[in-house]
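In what follows, a single structure is set out as structure tokens and then discussed.
The first chain written gets the first letter, and so on, giving A, B, C and D; residue counts start at 1 in each chain.
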């Protein structure tokens, strides 16, 4: 029996040891971190699937745990991403200024995650959330910019405050108890709508969905290279967790759209999710930095998750939960491939890179597999989840959500192909002649994630059966899954068959290819240039403003949200200046007057 | 020789099998000739009438292509200055084999009216092997099409093997190119 | 699911290739006659493909070859799922047909991804520009098309092609081209985009970007891409036939409908010029999308179907 | 000033006011040429540029071996008043040097390189004038000088086809004029439908 409490305490202790070890030797500390995370992962995997974790609390005061399929599903995915990423630490930490504390903070945030998904108390939930936010906030500025941490923290705090108010409403509503299960069940009427909105604000802020998405590209783009996969693959999913609480567990009784058989609140969330999909897709198409591009893609996939959870039936939930897994694997894989390239070349800007495939073929394959999944193409996991979501959307007849969902699906081709073409394919740059493939320790997680991406796409049945348990736990009926086939609402899908047929097709093509005359190998620079002699490979590499004609169609509109938030920040700054002017003036009497006035105002009716 | 019950089946050698396949390939090749038009000179004006409804090149299975990789015929239409010859050789070497060269007009044959220019070469087959010459200044569409039909006949009779000659006498061609052009692939500020 | 199913699948892919290559050749002849020319032989496309396969090609590295193999593999795999009529279908098991519509859209995309990868891997900027245009065109036509298909699936309650076919052939139901006229028109316009016919031929544009993605191919790779192209045209036109024209009860009906749809698309293509790439996008997001949404709202929320 | 004759008078006045004219030539009612001293070129071009002749259409040279001079020609164009002005100046053929005008017309950079390539004129002040532009890897005296023999160069560099016999049709008696007349008559006959004129 593995105890949650002991695991958390173990992580805190391991964090301290890792801190000391890293101080002595970075490599040693990082290896220790890998083993610590591996221990946690193995304990979770061994006992968690059958709900065999020990939830008794002996040492920590005021904290209580319980286990649910829902919490476990999120926890295992996130711990897995943490484990994969920890393999990257030995090669990156030396670049950072405060490398000693990196492993400490990393393990502490993992402790926060375990707590957050296993607690049964709202106050504990909030505490663990804050633990995650605070630890990660100090991890992010180790990359490039402090501004990234500030904007991450700002949006997270907005979400936390909203959640805290919601928790207080529940507290008051539920007879002064912080218990999650009874608290959510006791909500009704206006209170339910109020908490619904507050929790959704928290969910949107964590998920980086429209309109609270500004922090996402800034934080993802500037975070340390090994931390971006965690941010995108794991931490964003916290928002999905709160979203599940709000959309499914609270689900306030608002008016109903008869045509779609859907509450208005849910439909509005679906529309916001759609906006998030479209907006994320368009911005990702425009982006030049590979990491920021993937960050916008996370935003778009967050939209899919929101859409899935706002359609209230088992099919959509299955799609949503499967998408959480598929996207975690895909985005972790993609970010890790980019991180490997960034380690070798020192940049993630697409216009400065090219032809990495000839140096790093395995990293290229990892990225390829990840983006196939991200674009929702068989035989990878993303296809299954998108198929389930499409089934649900079509079945409900949600036309406008449908536009966004299909647009995002096709649009994801466009943006995931860009790093592929600009970073890996194309001309080989002379400045990267000496670059080598990533070291073996970094290739281990790459291979594991590649394998899992394929596995989730070919044999989804086992995972879907587990998801069915979650759906039943949430009070809905699960979907029908047989060994190979998945039954949707209006059709049946056999992913294994698709993969097999695809393999047969490739085999046929390979036979055609191999029996024909062997090709003459030519240099990359020996290309058709309208018979001009070009000796500079940079001139033959088309990667800057890749989708320029498309971008031109919406370039005027693309900065609206940014301008709105800049204006908002200006207003807040002015407010702050006003406060400063009033309170911090040189005249002591004025300051005193205001302090007294405010105390009187606050205590009016209570004491006075 | 047909194999019967009494004569043992003769086993074909690999060379013979290759030759058989090559003949099959020749059938397809001569019925689907794609052109890369190197429109350097005035003879290029004869190509629109030979492609459009009056003479309709497409009924012979011929058509224009965009890049040298896809094309079978390098069609040199008219005079070649030194600068274009460099690009012509570069293009010719990029084409996939088997490849043929057809030269229109009198300029590639002997320099034509530019025979004494400092910038125009006199004889194309010194630099790349030419399979068919179509004489005339300019040749009219009938003779252009006649040239192509000759090329098809030649492919059938296995006489159109300029690309093999280029491989066999590669040094000789390179020598000629070097003598007339200096260097084939130029380096200067516009190409770096 | 036995080996026979897979053999039938391969047979369908081969049939599709032969069918589309012949019809493509016949269409070249028709276009020739329209332009007062004699036109090529009807089997000219076969000659072209086999000639290309017989030539000695160049290769720009392993991704250049691997992409082509992956592309052709994806397309052949997609074609193996395609039903010809409501009974001729490769993968069927105890009355369950595995020909979900989304397989065709997304497995086709594997082929496109392979081709895009291979083209970009050649290191030629024209190829990258062509890929960019192809993907942008795809973004343009795919959304209106999928909205129409959403309407069809929502209305018929089937997402398997044979199911949609049977729904249309049932007594009292019209072909979806007639039942949903706006959707049918949108479907046909999107088909033109999928086939890369003018005016949506932007990504090939031989005179402009030197045939776009295909710029570096010659010999066997180009031949394989031609096979790929023929099979993908077969898939796209068959999709239209099955979705909008009520599919086919027997193979002759299928052939007639197929020929009619492809020839019409080809004829329209031949009297058009070429759009710029941004014009393609704005075109598809203006009228076709509006019509598709109107059709969807009419059918789904009001239930009005002819 | 829409009338082009007026324009030319205006130009005459302008140039005469600015510099000393050695020779003047009105080519037609939209082109006028002035020959001036080499040292005045810069001044005149600057004045003309500020007066509206903003475009340097061409810069080249003419070889006069009898005089042992190169004549450098600058052609300017005005988009408001349709007059081309040719500014000509003669420089020594043995030591052909003329200052660059890239300070006035930056676009002259490439014209100067071309002039250097074809005539061997040096343009100090233009850092790039030595680089090759059109002739790639030229190995003889500049080809547009009159003492360059293209025929000999061609014979030396480019192998010519050797014919075993002379195929060219040479008319021993000069009948070409009569043939031309006959062709004219036939053409007329065709045009008028067979009727004699």
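Some observations on this one:
The criterion applied here is as follows: a contact is a pair of C-beta atoms (placed from the backbone, for glycine too) under 8 Å apart; a residue touches a chain by one contact, two chains touch by 3 or more.
If you're wondering where the values come from, they're calculated on a predicted model, not measured in any experiment.
Of the two chain pairs examined here, B-C and A-C, the one linked by more C-beta pairs in contact is A-C. Separating the CA-averaged centres of chain A and chain C is a span of 35 Å. One finds 58 Å separating the Cα centroids of chain C and chain D.
One inter-chain figure worth recording: chain B and chain D are separated by 38 Å, centre to centre, where each centre is the mean of the chain's CA atoms. For chain D, the set of residues that touch two or more other chains is empty. Annotation for chain A: residues 520, 526, 528 touch two or more other chains. Within chain B, the positions touching two or more other chains are listed as 67-69, 86, 94, 96, 186. All chain pairs that count as touching, in label order, are A-B, A-C, B-C, B-D. Chain C meets chain A in the complex at residues 1, 6, 9-10, 13, 53-61, 63, 65, 68-78, 80-81, 91, 96, 98, 100-103, 106-107, 109-110, 112-113, 116-117, 120-126, 128-129, 131-133, 135-136, 138-139, 142-143, 146-147, 150-151, 153-154, 157-160, 163, 210, 215-216, 219-221, 223-224, 227, 276-278, 281-282, 289, 293, 296-297, 300-301. Listed in rising order, the residues of chain B touching chain A in the complex are 67-69, 86-88, 90-91, 94, 96, 185-187, 191-192.
The part of chain A that touches chain C in the complex is made up of residues 259, 355, 357-358, 364, 368, 372, 375-378, 383, 387, 390-391, 393-395, 397, 399-400, 402-403, 406-407, 410-411, 413-414, 417, 420-421, 425-428, 485, 488, 490-494, 497-498, 501-510, 512-513, 516-522, 524-530, 537, 540-543, 546-547, 549-550, 552-553.
The touching residues of chain D, counted against chain B in their complex, run 131-132, 134-137, 139-140, 143, 148, 150-151, 153-154, 157-161. Contact residues of chain B toward chain D in the complex are 82-83, 86, 109-111, 115-123, 126, 176, 179-183, 186, 188-189.
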